Amino acid sequence: MAVAELCLFPLGTESPSVGKYLEPVIEVIRASGLKYRVCPMGTVVEGSVDEILGLVRACHEAILKAGARRVVISLRIDDRTDKPLTIEGKVRV
Amino acid sequence: MAVAELCLFPLGTESPSVGKYLEPVIEVIRASGLKYRVCPMGTVVEGSVDEILGLVRACHEAILKAGARRVVISLRIDDRTDKPLTIEGKVRV
Amino acid sequence: MAVAELCLFPLGTESPSVGKYLEPVIEVIRASGLKYRVCPMGTVVEGSVDEILGLVRACHEAILKAGARRVVISLRIDDRTDKPLTIEGKVRV
Amino acid sequence: MAVAELCLFPLGTESPSVGKYLEPVIEVIRASGLKYRVCPMGTVVEGSVDEILGLVRACHEAILKAGARRVVISLRIDDRTDKPLTIEGKVRV
């Protein structure tokens, strides 16, 4: 299992408050069945690298469907082969 | 107040487990007096941009002092002028 | 077309010089047929979001095959629907 | 010397084209005297960690002065103590 953080920033939205573009994204993450945690600077998910990349694809579709004309997607994946990574384990440093 | 996420990755350590390099960094963040939250993919802090950049400087020193020969520091700051940002507020999307 | 920047950091490599883990990754990017540019802090590629995510998957496999026991993958995608993005266009701000 | 990549994304602009907010930022980087390279996904600079953090502070001020009401600043620093890092050296992997 890998752990990843995903953030999406819609650009050109008229208002600096972008929650209405992000709510459908959180809904897609929730519906994915992957373990996740909403953090202040992004949403953290736990899964295989394939599952995480599939989720990024779905979140990209969701934010465009929500009306974003431009989006910056930031993803950071942490994966290791010597022992499993988990959301809980990583908070313990 | 801005909110920022800070992550440090020491490279060239013998083990893929890098906690011993990160513990002094967390200690520096704790001692800074800034509001913070340890998240799975980084530590989130709340403060002015100046306070945040000062903290990055101190964390950089701490990880080198802990023995890291190379470090990648990733920082993302979210700042807005129309209303205050807080760690708690940002979790509510 | 979207434009994305991809960086991979192998952790726990004994030496702070990680070029031998990154050469196979650059080779995978070259072989993908996508337009790309090697930049100082990562490799920039141009393609659809699907093509970019497929490439991330292949780069992840390549760095593990090269012997990395842990890897941090950082990806930032910029996509817009109102006009095409290109590597050349983005350098002109 | 460290090498860093800096990107600023203004949020809540009326148009998805944000060049007019970024031009003053590039001007601040140019005026800093640091070695830099404009790349497709951000601007890469070479300097000490202190110089880089001072530049981030100046870029933050410049984008607010250009009218941005909200800004996401993404910074990644690569620093090593065993040998100097340079923009040119890092392109050679």
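Letters A, B, C and D mark the chains as written, and numbering starts fresh at 1 in each.
In the analysis below, a residue touches a chain if its C-beta (ideal position, glycine included) is under 8 Å from a C-beta of that chain, and two chains touch if they have at least 3 such contacts.
If you're wondering where the values come from, they're calculated on a predicted model, not measured in any experiment.
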By label order, what chains touch subunit A and subunit D together?
-> B, C
Give a one-word verdict, same or different, on whether subunit A and subunit C use largely identical residue numbers at their interface, taking over half shared as same.
-> same
Please state whether B-C or C-D has more C-beta contact pairs across its interface.
-> C-D
Based on CA centres, what chain would you say lies at the far end from subunit A?
-> D
Averaged over CA atoms, how far is the centre of subunit C from the centre of subunit D? Could you give it in whole Å?
-> 20
Mind checking the centre-to-centre distance between subunit B and subunit C? Centres are C-alpha means, answer in whole Å.
-> 25
Among all residues of subunit B, those touching at least two other chains are 11, 16, 69-70, 72, 74, 76, 78, 80, 82
Arrangement of touching chains [line / ring / star / complete / other] = complete
In their shared complex, subunit B is touched by residues of subunit C numbered 9-18, 69-70, 72, 74
Residue numbers on subunit A that touch subunit B, as the complex places them | 3-5, 7, 16, 19, 22-23, 26, 37-42, 44, 74, 76, 78, 80, 82, 87, 90-91, 93
Subunit C touches which residues of subunit A in the complex?
-> 11, 49-50, 53, 56-57, 60, 64, 69-82
